[in-house]
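So, here come the structures, one by one.
Note that chain A is present in both complexes that follow, paired respectively with chain B and with chain C.
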Partner chain A sequence: MNETPSGSPIRATPTGGGGDLTIVGVVRRFGPVTALAGIDLAVRKGEMLTILGPSGSGKTTLLKVVAGFETPDEGDVLLGARTVTFAAPAKRDIGMVFQNYALFPHMTVAQNIAFPLEMRKVAKADAAKRVEDVLRLVDLAGLGGRLPRQLSGGQQQRAALARAIVFGPRLLLLDEPFGALDRKLREQMQLEVRRLQQHLGLTALFVTHDQEEALILSDRIAVMDQGRIIQLGTPQEIYRRPVNRFVAGFIGESNLFRARVAGQGYAALDGGARFRLPADAPPEGTEIGLLLRPERPKPLANGAAADNSFAGSILDVVYLGETVKYRIRLDPGIEIVVRWPFHGSAGSLRKDDRVTLGWSGEDLHLVEWS
Partner chain B sequence: MTAAAVTAARVPPDTAGRWWRGHRADTLLALVAAPAMVFLFALYLLPVGLLLQQSVEGGSLAPYEKALTDGLYVGVLFDTMLIAAYVSVACLLLGYPVAYFLTAAPAPWPTIGIVFILLPFWTSILVRTYGWMILLGRNGIINRLLLETGLISTPFPMLNNTTGVLIGMTHVLLPYMVFPIYAVMRRVDLGLLSAAEGLGAPGWQIFRRVYFPLTLPGVLAGVTLVYILSIGFFITPALLGGGKVIMIAVLIEMQVRQFLNWSFAAALSAVLLTATLLVYLVLRRLFRSDLQWS
Partner chain C sequence: MELSANSRGRRRRRIRPWHIGLYVWCGLVFLFLMAPLIVVFPISFSSSAYLQFPPPGWSLRWYTAFIDDTAWIDATVRSLNVAAATTVLSTVLGTMLAFSIVRGKFLGRSMINQISMLPLIVPVIVYSIAVYGLFAQLQLIGNWQAIVLGHTVHAIPFVLILVGAALRTYDVNFEQAAMSLGASRLTAIRRVTLPQIRPALVSAMFLAFISSFDELVVAMFLGGSNMTLPKKMFDNIINAIDPTIAAVSVLQIVLVTGVLIVVSKIGAGASPTA
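Entry: the complex of A and B
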């Protein structure tokens, strides 16, 4: 572990086996509560995989199992080809960035970053050089002598990140690391973390409850609920083809309708309205959920036709900068939310205006209702 | 002792620029602090002033010369400092784990532990010191137990010597070490320990590099309290030392009661006061440089 690296301060760790991190059938119970109900997941080398889920979904427990702060009741955790299910956290070579950064307040930034090197008995001079290099990498050059509390929130975040990657970890774990930053800084840091992770080819597991963050940062997203992975896929797949109501509701804004397939390519909604379905509709009588993303319905000019078209009146208008969000009550008694680009106030609609919406069958995505 | 006055002085200037409001707040605080200030002046500062006056009675510095040059008295001062240092170290070694226990033990134990520490704290020092005499004497409980079990053949001298004084003083002063450390330990962010572990630190390194440095402010506060209380200690060394262990407070009492040498006693008191202040300043300086992070 301690040999001098050549060139970059961060070494890529040799890969072994299929996934760099492999989780096999992991179960963790706390008394009567099952926090993890059988998790199988492989994070590929150089990939940023996000565990996305609401609080209580088990994502934090999963992170702890990977880091070694929790031991699973069943199943195994592998780093490369090495089984680390019962290895102590200190023996796993995992870099962690915590929500509150967990920088040591009594050490300077440089001492903080040198800490993992010191624990690995890296020679002083070599360690100092690596600290310098990584400080430059995270844009903190010259600030090594400061104490953490003398840094801004964003700088503390960079320092924490530097400390987590300086020893060339096998895996980078990010535990809701952007929660404490204000919105603008958060976006900037997200992009920087992403760039750095790709630049260094780090395998990273990122835990968050923020779906927007997950969409920005991830190669793949694993959506968790009640101790299970509900869906695993790229951000696009998750957004466009959610497998069920939970995922559809959790990721992005959505209009979700409960319906029953009625035949001839239509579905009957609870209120009596009928929606034209996409071509691959399930058999008649099936109870389904219909997902309609807010950007899909378009306003229809007089006389224009669409698979589905409904007139309605506008209940609310929310101006969001580049887009405007409208809450519309369609005449069959269905409320939906639509979002359109903002083209100046001249052509925009007001509360109580009448409007006709149209969308095609293919705009609807079918999900399991249960 | 002048905390109220210090607080009053630190009231930030009124931001709205209404000087009279800040002024009024200052006046109010001064009024609130006044009774304590009067009390301290009448019962502390005034007597100390009178005592200092006595030490230079007749315009002679002879008592000070005697206290600071005579080998006998310098020796007493040195012994006092040394005993205080031993007591501080003993309290630290015993108190640190206790404070940790109070922080880390599961539910009922911290409360039980605190009660056990406070019970003797609420008991008179005199009573506790006599208790130790019963335990430590030649025919005391400990020696009899050791003799009867055959562990020793002659009684182990633990009374009327330094050993007894150290045991008694450590016992009395232990809470003053435990509580400041406990207060600081409670505030240590345990996430930092997990972070250190995750970064590859073995248990003892987590303690040495992270936990102990973070509890250092409590350690320094405890050591300061115990050391300063130790150098002025009287009852315990007087009773458990049996006249053979002379600490400076014991010496002062002897000068007043046996030799009626008021001016020399006053000079010794002045020396003790100065030593106490010096220790306080030195330890506070240490605090300052080590407390940077909190």
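Entry: the complex of A and C
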């Protein structure tokens, strides 16, 4: 359990073995709908694990089961070695940051943050000092006397975070906490939350539908769909080696082709084109999905060669600042999306220009089609 | 001076004919609603022994008559007690009922909601006779507590409507947040939910208070010799009309206005508690 997958930036916090939060075979049904169809997951101490999935994938239900607002029909939830499946939310020692922050509007920021301490019967003077400390930690020093509505969105978020960590919780739950912030502030807060989580060595479970956010923030990502965890791995693993079409399509931008392995290291696409495959291709006749990330194909200069090279014409050009996105129709009738740095050789390409693309067999990643 | 003249000039708008019509109409409605007060106030200060308008002279004798008559004072105190007890009882019960109807997931929830609203629909006289029959069997007639019970049933719908509406729009996340931070459900409701729906609670309490304080029919049936203020006023009008009734009315109006002012002060939105 303690081994670290390659490339994972997990902090070397000593663990007692096993997960800090362990979810074992959790099933939750709502009438005929199965929201959680058997979830097994272990979050390591000091790790930020992200549950990533589209709406309706069951990620919010899973979070509620962990927080104690839902009880699973089957399975168990463990914090450390303690089973908390049926424990009241108040008895779990979990700090939670809600989607809309849920700061109590009738209390000042300081009163909000002192609330969990008050519930734990911490002495007034001690509590006041801890509130001061945590306010400084989240960069809200001096704002304790304000009401939540007198704070900006980012400050409210910090206050909510402060309230969730002030009592030194066993686990931090984050339920899509960045949704209400504008893009720039969101990125800043993401980095800050990440810094704080690592600084304090907090074990954190983070729920989001935003794949970009998941890639930025997580030590590991669990991709959920239809009440199941489809893939669990580091952001790099998930991005580079998605296990199936769903994950490939959900994380990052992708070109996905349905193909059949045709022998001699080639795959035949539906339209008749043939792609050179990576070395570890499955046996002939297998139906597979081919994933090609948009940054992989490169424009080929005249005469240059590549495993796969196709000429095509540019359908659309979208400027994204530092990169440019092109939609290109390759001559065999396949449409693909590519993304290149603006200051590369591609900067001057326009709509309807002809271009030759090349990529190696190793640039393709094979996924299950079904 | 110049500045204010300027700003007044800027604020001046063209007055259209239908505007004038609207002002006149509103003025008439206002007059119609206020007319009773305009008559009652002067009469209460009348020196005449009859309900005469305009009063021939001024005096405070009818206020003195009210204060010196223990029957009036008794009725007033009893009415205040009944209204206060009704307010507390109906607010507590109505709020609990609202919680169970809005949050609960049990069978027959909407039926309980309908039944709780019935006191608003059933004619008061029918309700009074029914309660009279029941309380007579239980030998409760003549107790002021009986009136409280009768009034509470009548006040609960107001509480249920107001608090229920507030709870329906209330974000349960606040309560869940409180619980995740270590509060029990009850503590979460007391510390987080109730303070946030306070405007609705205060309005509900006000309506419950008024509905009891003004109520005549139920009190007449259940009160026996224990007269409430409306019953005493009713008897007074039937037996001998003198301006005491005007003085009592004025005091009643002043009291209710006072309560209303307090209500609008403490019922306005959320503010820091500590």
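Structure notes:
Here is the rule we go by: the second predicted complex is superposed on the first by the 349 of 370 C-alpha atoms of A that agree within 3 Å, B and C clash if a C-alpha of one lies under 4 Å from a C-alpha of the other, contacts with A are read in each partner's own complex, and residues count from 1 in each chain.
Just so we're on the same page, a residue touches a chain if its C-beta (ideal position, glycine included) is under 8 Å from a C-beta of that chain, and two chains touch if they have at least 3 such contacts.
These numbers come from a predicted model, not from an experiment.
Model built by superposing both complexes on chain A: chain B and chain C clash.
By the document's definition of touching, neither partner reaches A:Lys184: not chain B, not chain C. Once the two complexes are overlaid on the shared chain, A:Thr108 sits against chain C while remaining clear of chain B.
In the superposition on chain A, contact of A:Arg350 is made with neither chain B nor chain C.
In the superposed model, A:Arg120 makes contact with both chain B and chain C.
Counting contacts as defined above, chain A residues 67-69, 88-90, 92, 94-96, 98, 100, 102, 104-106, 115-116, 119-120, 147, 163-164, 167 meet chain B in one complex and chain C in the other. Contact residues on chain A toward chain C in their complex (touch as defined above): 67-69, 88-90, 92, 94-96, 98-100, 102, 104-108, 111, 115-116, 119-120, 147, 163-164, 167, 173. Of all the residues in chain C, the ones that touch chain A in their complex are 171, 173-174, 176-184, 187, 191-192, 195-196, 270-274. Residues of chain B touching chain A in their complex: 189, 191-192, 194-202, 205, 209-210, 213-214, 216, 292-294.
On the chain A side of its complex with chain B, the touching residues are 67-69, 88-96, 98, 100, 102, 104-106, 115-116, 119-120, 147, 149, 163-164, 167.
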